[in-house]
Amino acid sequence: MNSLVLLMVLPLFAAFIIPVVAKFSSKLALFTGPVVLCINLLLIMSAWVKVGSGAHAIFLGGFLPPVGIVFYIDHFSLLFSGLIASMVLIVWPWDAKESRLYSLYMLLSAASFGLALSADLFNLYVFYELLAVATYGIIAKQKNSSATAASLRYLFISSAGSVMLLLGIAIIYTLTGTLNIAHLATMTENLHGFAGLSAFALIAIGAGVKAEMFPVNSWVAEVYGTIPRQLSALLAGLISKLAVVLIIKMLLMVFQVQAAFDLLLVVGMLGVISGEMVAWRAKDMIRMLSFSSIAHLGVLFIALSIGGSKGLWLAIAIMLHHLLVKGGLFLMADRFSGHFDKLKGLAHHSPMSAAVFLVFILSLLGVPPLPGFWIKMALVMNLAELGGGLYYLAIGVILLATIIETAYMFNLVQTMYLKADADSTPLNKRYSASYTFAKLFALLLLVSMVFVSPISKRLKDIANHSANPQIYIHTVLPARYLGEKS
Amino acid sequence: MNALHLMAELIFMPLIAFIVGMMMVLMMRKISARLQRRIGPPFFQPLYDIVKLYGKDTQISHGLIHDIGIIMAVGGYIGAEILLPVPGMEGIAAKGGVITLSYFLMIPSLGMALGVGQCANPNGSIGISRALTAMLAYDIPFILVVFGAAWHYQSTSLIGMIEYQQVHQWGIVEMPLLAIAGLFALQGMLGKQPFEIYIAPAEIATGPMVEMSGKYMGGLFVMQTFQLYTAGVLYASLFLGGGTSFLTLLPKAFLVVALPMSIAFMFPRYKTEDVIRILWKWPVMLGLISLAFIL
Amino acid sequence: MTLLDHLFIVVFSCLIAISVVRNLPIVDKLAPVLYGLILIMLVRMASVAYGGDAYLSSFSLDLLGFKMHWQFTALSWYFAIITLVAALASAVFMSGDWGRQYREGGGNYGMLQLALIVNVFSMILLLGSGDLLSLFIGWEFVSWASFLMMVLSPSKLAKKSAVKYIVYAMTGAMALMVAIVMIYAVNDSLEFEQISIVFAQMSGSSQVALVLLLFVAFAIKMGLLPFHLWQAVAYAETPGPGAAFLGAISSRMGMFTIVLVIVQFIGLGGLKSVGTSFANMQTLLAWVAALTTIIPTYIALQQHDAKRLLAWHGVGQGGYMLLGIIMFDSIGSAGGLMHVLNHASYQAALFMTVVAVMYRTGTSDLNKLGGLVTQMPLTFLVMLIGIIGLAGLPPMNGFVSKWLVYRSLLVNGQPLLFVAAVLGTLGTILSVYKLIHNTFLGQLRLEHQNVREVPWSMLVPMLGLSVIVFITGFMPGLILPWIASVQESVGLPVIAHHLGGIEYAKGGLDMIWVSGILFYGFGVGALIFYFLGGKSKRVHQYDNYAGGHFLTSDVRYHYSNNFYPGLMHLIGTWYRGSFQWLENSIVSVMSFFSVFFENIYRAKQPVMLLLIGVVLALLALYRNLGVGA
Amino acid sequence: MKKELKIKQKERTNPLAHVFDDFIRFCQSKSLFMLHYCTGCGAIELPPAMTSRFDMERLGIQPMVTPRQADILLITGYVSIKTLKRVILTYEQMQSPKYVIGICSCTVNGGMYWQSYATAKKLNEYMPVDVYIAGCMPRPEAVMAGLQRLKDNIRNDKKEHKGSAWKDYFKRYDYYLGNQQALFGEDWQTPTDIIAEAKLYGLETEETYGKHTKLLEKHQTPLLPQEMRIK
């Protein structure tokens, strides 16, 4: 079980040796990353079986909690680890010539695995920063002025976010004297005051920069517009969710208070509305998808604000769905993108890609019987069960957003199906693996439509398990701490 | 109701309507002549006109629909006459009621419109456009009147209405405003001045009738007799207590027709939009006020 | 396995079959057979329409804790049979020469066939819904299926209007979802019965909200005011037979749900309990219905494209249906329900005649046609029967249902609604006369001299539908038992009927007599015409009196443009396009906020945003928790 | 004097046919609709004839506005060549039996325009005229007398054969057409198919046809009515 540390260590190690390997063989350097990721995948699978319905903690460096470094392994974190490995594999820059990029991708994966697995705030912060650094590097690799501007903007806001995050962590440390989440979970009463909650707010907003949280997400459209589509797929599909994972850990283990939920609910709603509104005016496909992505992260925050295992399972479902759909859409964008006018007549050049595109957005809109519908339905019903003005407002916001989303999405679809100008084709003709993956995503989406019931059951199990602080505490903390408590 | 009675109704109701209607046409022409200090036509003039028209040697037709239009115009009124109860002959009329009757009254217009349409004469089409517009104008007050009467008498059957009036008072006493509104609508319905823009002989050459010759025109003359009769009897049944015998019914019917005629020849005509404006304003207002009393 | 399961299986297999063979020539022969097959399945279930028990499906689904099951009541059956007859007629219509021409013109014929069966499938699914969730799913299916049909036309306008439609439809669906959520939140159940239970428990404002949400959802589909803007253009731009099908039945799914949900489970008592006694929900809905009959009808009057004219009338006729059903008495609701079938029959026939004219002449512009009656007499006949039905004159079926509605308004003492309904009918007469006049009557154009009647594959469905229009008008008693069963199943007072019409204490209706008298009148008229007068002679259309002017073929004198100038002179200024303005202003408000948010995202100092966000969040927490906490 | 032209008479099988014919002729004489084609100054005399002073309506005569409905075509004054075309068109569109009355000297012989290049002098060269009412202008009394004469002619047509001049137009169409062609040129054509009508009513004789009708055929655009057809 302790071999799971390799998940983080292997890519980190690879990141450092790739430049060295590249000196000898660029081919070898190119394949190092995927090999590492495949090994990770195998590790994850074996761990998935071993963990079963339980949880496991790995203590690093020989210190026991609450002092040492702890990795917490359960199906939730494994699920995300698996997603990280597969996503990075899918977007691996096969045609890039620079080995430095491989290193950055490896660094990014290492940080991501760390974020998914870590069980104390300090490590989370470290991995978060690492992730940020890797992302800056990758974005800055684009050699054009707008990419530079975008990455600079991203850098500014992201580092400011990191400062907030750090501030939040510092407050928590001041209040409790520990950074181990399990330990924090045992002393929630210290944290449920104004100071503690403001720490949560700072953490949420700080991490929110990456999680595309309103209002700290102004980097999204510019960055996604300038980086390669695969990378957008990675950022929008996965990295944003990892930042949410950080928030989820804090929220579920420590801050199960109405004020925290309300905070998430409000920023979620604002995100939904603002994202959809701006996407509605967008005339460029990537810009539209970026803002739509903001809106859907908003929905995710709304789901989280339900709290408890219900909120978690919905959040996981939304994340997975959004990963498939938005990831798929950004991967599709590798085949065609740009201003709407350029996409005129796309469906006649490639009916298949238009159809795949359609499947994605139909699910995104929540059209039955696609999975998106069931998620939306469950989300709305759960919100309704909670009752209360803000939750009803959230229902309204989500459904209003759906209408707006229909308007702009189908404005694009309509353009696609218009009669084409004979000479120009909007399609990117070169072979693109991304398109194949996009089709695969669509297929996955359709298959999951059939298995809505079992999948949702599985997700609920995972959520029930992961949202329970007691299991977490018992797994991580040594008995003497618990003894003190009881 | 035995078969004989049925046959009698089917034959005699339109026949009576035709004969009485011809007399009403005569009366109408006499009234206008007297108002203009003329002598006017001889007694049988309406008959002469109709016979002459049917007896024309040349009759031009613009096609089958032209023919069918005339058949519908005459036939629709024959149907309407059967649905219009008169003393002693009200067996079949009970099957319809006043709503059905008012719908029947639209069929001749539509039939004529079809026939005129096939003539491919722009004057005719303009006339029909005006005639249908006028129908839109006068049917609103008319329908208000029908509604008010039906509500007041608690029946949609004309027979029931007449019975009510025989027992109680005449409708015109109980609902004077509605009766006035009805008279207004009647003026429009009969297409008499000031509401005869759709005929406009000098501008659009009698509009719908422009291509009607011989028996086609004759059919329209027959239709006119039915139209006057229907208007007279319907109004008499709605507001003047109908009649227990023709002796009491017919004078009322003649009076009802004479009234608009006497008013008509004192007026020039309104433009189409003014027809709508005036018919949607005054009689509708009267009707609504009256309904407010009734309901 | 119940019959309902069989029906679903058959419909689904038909869907699969057609989607497989849709691009092969055999689809022409297969599709009508398949619709016939589904029709037979429905006929086998006919007992439900004669007072039998509702069919339940033997399977149900349990997804995410939501249970779904299906059932087929008299109401479902009634709408389903209309759907299938319309689909069958459309399928036959497109199967022959029309389809060939469509294909040659670059149309995607296979897709059209597919769209039709998808529509039928989703409608059956909706009609068979047994609880709120399956209703919602069926609802969305129907919306998207119509959308599929609408986008098939290659024109830009068609696509634009289809997108407009889907935005409206989504709005409706979302309103429905909120309503369902409101119901679910109380007792955690999605059964239909919950509606009335929950409604009774709700507070006044929630009741208003629930009724309005449900009504908005259904009104959008049905194109009732003020949600009528999407429908006409979208339907008019749909390819021929598709337009006939959609125009006939698609938007009536809104009617189905209104009856199913609002009439059955909220009911008159429910509607009346909302609001004051002077202006309650029933009054509101009745006036919505009345305005829906008037405004779209007069918009139709302004159209000079035949398909749009018909489509606008389709919107307007929806008002009669609602007006009838909202009266909640036996005759009114019977009229409203019956109008669904009647409207479907003549609307489909009328759309087909227009498509037939387009097939031969290539245009549906009313200013570019004329005089076609000699060239296409049977099409003319169908249109004549259709417009008599649409205008609601005897002896066609439109008269019966409108009569019932009028009668009900009379009995209920609603003079203003009555006048509104009549105003709608009169506007319809004006407008349909313009339609038939500008298309078939008047001057035949030089370029149409060689136009011929359309082939039998198109004529047969048209004639078949017009036979339905006539027969159900002549003997409404054929349909009335179904209506009575529907009324019984949704808990309305049941109408007393016989073959010729209805029995009603204060004046009934017997269409056999009424039609008999009318035809007797026509017969006498014909006798007079043919035997009393001289022989008539056919003349050429240029042998025509024009004030001594010589008419020639190069001068067009067909009076068609601005057909009712006098009327328009008066009411022309009343067309303010207020609803269009409303729609545009909603878009403008949206744009305003959109620009606002866009500016936020464009902020030069993103870090400032972060700080503002943090400060606001802390402030909110501070206020929320108080100082001491 | 013109020679008598033979036409094929239809067999009347109905024993009451003559009674009907007499009745109809009686009604025709009692009911005359008049289209007044007011070409010249004579028109001014018509209003007194129609209104309260003389009241035409008591004779059963009333004005109508289209040739389709009219029995009498009343030409009130000089007929310029341009006008004559319209007059002929109007005349041909009238339904038989139809009658023409020429009022004023101008219709008789050109009157004061006898030497004008632009007027048609004798109306009866172009269409059969039943009654001329001469005078410049004739007084309303004369108009009334003329109308009364026409009525009598129609009534007594069976004996005196003065009331069916309209048949002459069909019987000797070639003659009238020749005069018309002389004035309007070879390609003169009206929308009404006179020959077909003559055939239909059994009024064709050998003089219906001639070189002028041949000329007409050469220039004529066909005037067959649109057939209603299913296939």
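As written, the chains take the letters A, B, C and D, and residue 1 is the first residue of each chain.
Just so we're on the same page, contacts are C-beta pairs under 8 Å (C-beta built on N, C-alpha and C of every residue); 3 or more make two chains touch, one makes a residue touch a chain.
Please read these numbers as outputs of a predicted model, since none were measured by experiment.
Asks: Need the graph distance between chain A and chain B over the touch network, please.
Replies: 2
Asks: Suppose chain centres are the mean of their C-alpha atoms. Which chain sits farthest from chain C?
Replies: Chain D.
Asks: Where are there more C-beta contacts: B-C or A-C?
Replies: Looking at contacts between chains, B-C has the larger number.
Asks: Can you work out the whole-Å distance between the CA centroids of chain B and chain D?
Replies: So the centroids are 35 Å from each other.
Asks: For chain A and chain C, what's the span in angstrom between their mean Cα positions?
Replies: Taking the average C-alpha coordinate of chain A and of chain C, the gap between them is 45 Å.
Asks: Just how far, in Å, is the C-alpha centre of chain D from the one of chain C?
Replies: Centre separation, chain C to chain D: 57 Å.
Asks: Chain C: which residues touch two or more other chains?
Replies: Those would be 371, 373-374, 377, 444, 535, 537-539, 541, 543-545.
Asks: Among the residues of chain D, which ones contact at least 2 other chains?
Replies: 66, 68, 197, 225-226, 228
Asks: Give the pairs of chains that touch; include all such pairs.
Replies: Here the touching pairs of chains are A-C, B-C, B-D, C-D.
Asks: Using the touch definition from the top, list the residues of chain B that touch chain D in their complex.
Replies: Those residues of chain B that touch chain D are 29, 33, 36-42, 44-45, 47-49, 51-52, 55-60, 62-64, 201-202, 205-206, 209-214, 217.
Asks: Could you pull out which chain C residues touch chain D in their complex?
Replies: 371, 373-375, 377-378, 444, 452-453, 535, 537-545, 548-551
Asks: Under the stated contact criterion, what part of chain A meets chain C in this complex?
Replies: 153, 156-157, 160-161, 164, 193-194, 197-198, 201-202, 204-205, 209, 214-219, 221, 259, 262-263, 266-267, 273-274, 277-278, 280-281, 291, 362, 365, 367-369, 373-374, 377-378, 380-381, 383-385, 387, 395-396, 399-400, 402-404, 406-407, 410-411, 413-414, 417-419, 452-453, 456
Asks: Which chain B residues qualify as touching chain C in the complex?
Replies: Residues 10, 14, 54-65, 67, 70-80, 82-83, 92, 95-97, 99-100, 103-104, 106-107, 110, 113-114, 117-123, 125-126, 128-130, 132-133, 135-136, 139-140, 143-144, 147-148, 150-151, 154-157, 160, 197, 205, 210-211, 214-216, 218-219, 222, 271-273, 275-277, 288, 291, 295 of chain B touch chain C in their complex.
Asks: Would you tell me which residues of chain D are touching chain C in their complex?
Replies: Interface residues on the chain D side: 66-68, 85-87, 89-90, 93, 190-193, 196-197, 200, 223-231.
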